[in-house]
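Naming follows writing order (A, B and C), and every chain is counted from residue 1.
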Amino acid sequence: MSATMTARAPARRPMLDRRTLKRWMAGYLFLLPAMICLAVVSFVPMFQGIVTSFENFSLFRPGQRGFVGLDQYRYLAEDPLLARTFWQSWYFALGSVALQAILGMASALLLNQNIWFRGFFRGLVLIPWVVPGALAAMMFGLLFTSTGLVNTLLADLGLVDLGLINAAHPWLSDPRTSMPTIIMANTWKGFPFFTVMFLAALQSIPKDYYEAAMIDGASNWQSFRHITLPSMAPTILITTLLGTIWTFNSIDLIYILTSGGPYYSTMTLAMFSYNQGFGRGNIGYASAIGVVILALMAIITIVYLAAYRRVER
Amino acid sequence: MSMRITAPRTAAMTAAKHRVRLPARMVLVYFLLAGLTLAIVMPFLWLFLGSFKSSFELMQNQSQTLWIKNPTLENYQRLFREYDFARYFLNSTIVAGVTAVFATSVSAFAGYSLARFTFAGKSFLSFLILLTQMIPVIATIIPLYLWFQWLHLLDTYWALIIAYNAFAIPFCTWLLRGFFMEIPKELEEAAEIDGAGQLGTFFRIVLPLSLPGLVATLIFSFILAWQEFLFAVTFTSKAELRTLTVGIAAMRGRDIVDWGLLNAGVVVSTVPLAVLFAFVQRYLVKGLTAGAVKG
Amino acid sequence: MTGFSRREVVKGLGLATGAALLPGLGSLSARAAETVKLVNVEHDTRPLDNAAYKAVYDAFRTKHPGIEIEFQLIPWEQARPKLLTMAQGDGLPDMGRVAWVADLAAANAIVPLDGKIEPSLLDTVDPLLVQQAYGVGNDGARHLYALPWFVGTQSILVNKTLLDKAGITLKDSWTTDEFAAAAKALTVPGKQWGVTLDGAGIGDPVQIFLSAIYGYGGKWVAGDPQSVTPEPIVFDSPETAAGIEWYTNLYLDGSAVPSAPTDTYKERDANFQSGKAAMAWQGPWSLLETRENFKQGGWELASMPLPTGPGGSVPPSLGGGMAGLFRGVLKDGHEAEALEWIKFLSSEEGQRLYCKTNGMIPASRTLQADPFWADDPLYKGYIGTMKNMRQMLPIWATGLEGLLDDVVPPLMQGVFLRQLTPADAAKEIQAQVIRGLQQNGVRVPS
């Protein structure tokens, strides 16, 4: 027997009645394919990684792997590099994502216009994203050497004469400018992701909203602030969150350009973890650092989503 | 400087308004576009032009100028002759293509579930999905390697496809969740009142309306798989299975780097995708009847 | 339907007979061409390297037609991580380049060769190089793990044209002070630098750095580095600090390319090839190609031996090519065939074919006397330096090679950037190495 809509008693708490269960089932079933896919290839290795953080697994002593409790975490707490690496990780991730999001939004708005050869320009904007990370890194490495194209251009623009920049400045080899340079390279590499996502999100805003606003006499900036941004809020939130998680864990650029140097100035937690794991062979330690990253990302995700839910209301 | 934007226009919209505004606003738009293009393209342009210089010329002045002294196609010729580059391209295309389609499909269902349904444990599950992506690769690559070895999937397309999907699905699910949440609920409710089931609503209303989001997600997962390196180099060893990223890395020998070849390799890895996107981007426009439902 | 027509019966019998014979036919053909398939791993992937392997392989095939070898290339930067990952499971290749004997032995990735090869095979190779092929296995004992086939010692490559312009003559030997003076004389601010150094990356930066330190009398242990029992580490010393000071002064004086702190061997090579730097401290990996490129550009290539410091000659690193058996060969039982290959590769004939194709230096000293190398002035620096080889790293320190690749470059960069004094760097390197070894489970005596 199926309850029809009209026959429902409205005052009943919709806990485990048939229709709610059916609704729940739909939710679970839609989610099922993804969960199956992720079960073996994502959940299990992640779990294994977490377990390894409590072991003293070294690649150079494979026979002596064993449980050591919180030893790896103790080593981490005592590591003199921890504090600096921690702050630099945030600097790198948040700096990159902020610039990427801004550039992505600007380019999405631009590419949404009715311009000639729009397809060509949209194709063009994809290029930085598609270039394989290692090659983009090599390319930036060459551009930013002391005699590289960037310095030549800056000299031509007269910035050297103005005393703003040293001539032949080795951007990546100077600890003061190494991280900003990497952030720039990362911005170039990653902003098309935001462009594409924002472009897609811009499409779902009903144009009658804008028409109504124009009739009311709103300026373009006000339309942007009160229509565009709020309508795109879910996408903006998700892309910046995902971008942060992704960037925090990315090592491609850093590995090729500076490997965390010079003198630790571009060391991030993810790079640190990689060096400990594959460089020193200390997988247990690398896993412990990995779990710390996991915890940090989990915390900001929760904070982000809680803030969003409040904003939604 | 305030951003001047406009809502996407269809052909039926006021072309007259557009014409009147052309001088002031569009000039600014083109100016900014030029600036953006320059910033994006300049590093790549340098690589692109460099691919037409001989390796010797590149090494001489470390390619500090954009000018090509003796243009040559030998880099491209050598790329396909000395290295199995066509094969690498094919491998990358297959792996990335399958990943994109599969990941987007599975994530569409999952994302819709997270966007519209309510059920016990939803917050936990949606968080769990994303959690797997928060741990750095170093902690999971050895377990993953051992799993693939146990399943005899090493040195096959499957290892990469499975690994890339595992990486892409969490992100795609959350991305699509965001896109689905932007679709006005009234449309789905209208469909349900009309008697369509959840699947029906999903296929007939939600998917078509979220076409831009789906296309964006397809692109995202394709590119993710296309330019990934660590998994590709760890799970495959045979030369026939090399993807573009691994193939290019293998071209960088000890001590001597063939810059011309490398530049050509980058161009071949990048330009086809940009061209593809130029064609695919037309789907990044408002789909069908989104704006038609009023009240 | 019960009965079969006669034609059907004949057809059926024919098919059945064929089906019965088929496996037999299959095994017949298999017995006739019992090809053994082996996988050989390698990290040098230049076109000349591939050609060198091909030359050796072709000769090998005429001798052993039943052995087929697939050459798997793992790019240099990913090589150690990937091999160590493969060592966790069962995916190791059969044989190939053992670029890190100590680390791979500790990780149980390679197979001891004691008792499997005749010791006389190694007679023509410098004993010190042979010692490099020994490592400590999981049983705590020393074993022979690989057969040397080419040598990768360093020398100072010079752009002779630029040197002549600066009025510097090539000598048979020079001191560290003369080297520093030459580097300074060759520097034209903003345009050209005397030397290009690599302060980042794996392998080279550490090896060259340590060579400089040993040239000043610094060392890791006071006793024999070949001993299996742990000894106190004495790296932190005034001699070490002096060596660090000399090396980093090349940069601090402005004689080295400014991007040295983040330059890897790739950038170092590019700097030298483009004439940005007049000298480069590196191995013989690209001698032939560099000479060709220089010729096209109107430059002449030459080499000088490593200089001599207060503590003796600066020793070259003991790098090179060594062929060994990986654990994968135990899986499919083709150890004998794999041994045949590595023995051939490291034989005189194999060395000659390989090294004459790609310009590397053979491990056999008799072969080094071959006019191809002995009469070429370019190789004089490299071969001359070989007599100064020294064992530097103590072999009981498990994982030390990888540890040093992680510890040393940042601290070296610190000195380059004037944020660390040479004495502090020496102290810090020792402290971090000890800490790292302890974390890896190695007991370090104090």
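Assume contacts are C-beta pairs under 8 Å (C-beta built on N, C-alpha and C of every residue); 3 or more make two chains touch, one makes a residue touch a chain.
Just so it is clear, the model here is predicted, and its values are computed rather than measured.
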(Q) Going by the contact definition above, tell me which chain pair has the most C-beta pairs touching. (A) A-B
Q: Quick one: point me to the chain whose Cα centre is farthest from that of chain B.
A: C
Q. In whole angstrom, how far does the Cα centroid of chain A sit from the Cα centroid of chain B?
A. 15
Q) Once you find the CA centre of chain B and the CA centre of chain C, what distance in Å lies between them? A) 38
Q | Rounded Å distance, chain A centre to chain C centre (Cα mean) | A | 38
Q | Residues of chain B whose C-beta touches two or more other chains | A | 62, 142, 249
Q: Provide the list of chain C residues touching at least two other chains, using ranges where the numbers run on.
A: 81, 88, 266, 276
**Q.** Where chain A touches two or more other chains at once, by residue number
**A.** 138, 145, 147, 278
Q: State the interface residues of chain B toward chain A in the complex, per the touch definition above.
A: 2-9, 13, 18, 26, 29-30, 32-33, 36-37, 39-41, 43-44, 46-47, 62-64, 106-107, 109-110, 112-114, 117-120, 122, 125, 127-140, 142-144, 147, 162-163, 165-166, 169-171, 173-175, 177-179, 181-184, 198, 202, 209-210, 212-213, 215-216, 219-220, 223, 226-227, 229, 244-245, 248-249, 262, 265-266, 269-271, 273-279, 281-282, 284-287, 290-291, 294
Q | Partner chain C, residues of chain A touching it in the complex | A | 56, 58-64, 75, 138, 141, 145-147, 167-168, 170, 172-175, 178, 257-264, 275-276, 278-282, 285
Q. In their complex, what parts of chain C are in touch with chain A?
A. 80-81, 84, 87-88, 103, 106-108, 138, 190, 199-202, 257-263, 266-267, 276, 398-399, 402-403, 405-406, 409-411, 413-414, 416-417, 419-420, 436, 439-441
Q.
For a test of understanding, state which residues of chain B touch chain C in their complex under the given definition.
A. 56, 59-62, 82, 141-142, 145-146, 149-150, 154, 233-234, 237-239, 246, 249-257, 259
Q) Inside the complex, what are the residues of chain A that reach chain B? A) 23-24, 26-28, 30-31, 33-35, 37-38, 40-46, 48-50, 52-53, 106-107, 109-115, 118-135, 138-140, 142-143, 145, 147-149, 152, 188, 193, 196-197, 199-211, 219-221, 223-224, 228, 231-232, 234-235, 237-239, 241-242, 245-246, 249, 251-252, 269-270, 273-274, 277-278, 283, 286-287, 289-291, 293-294, 297-298, 301-302
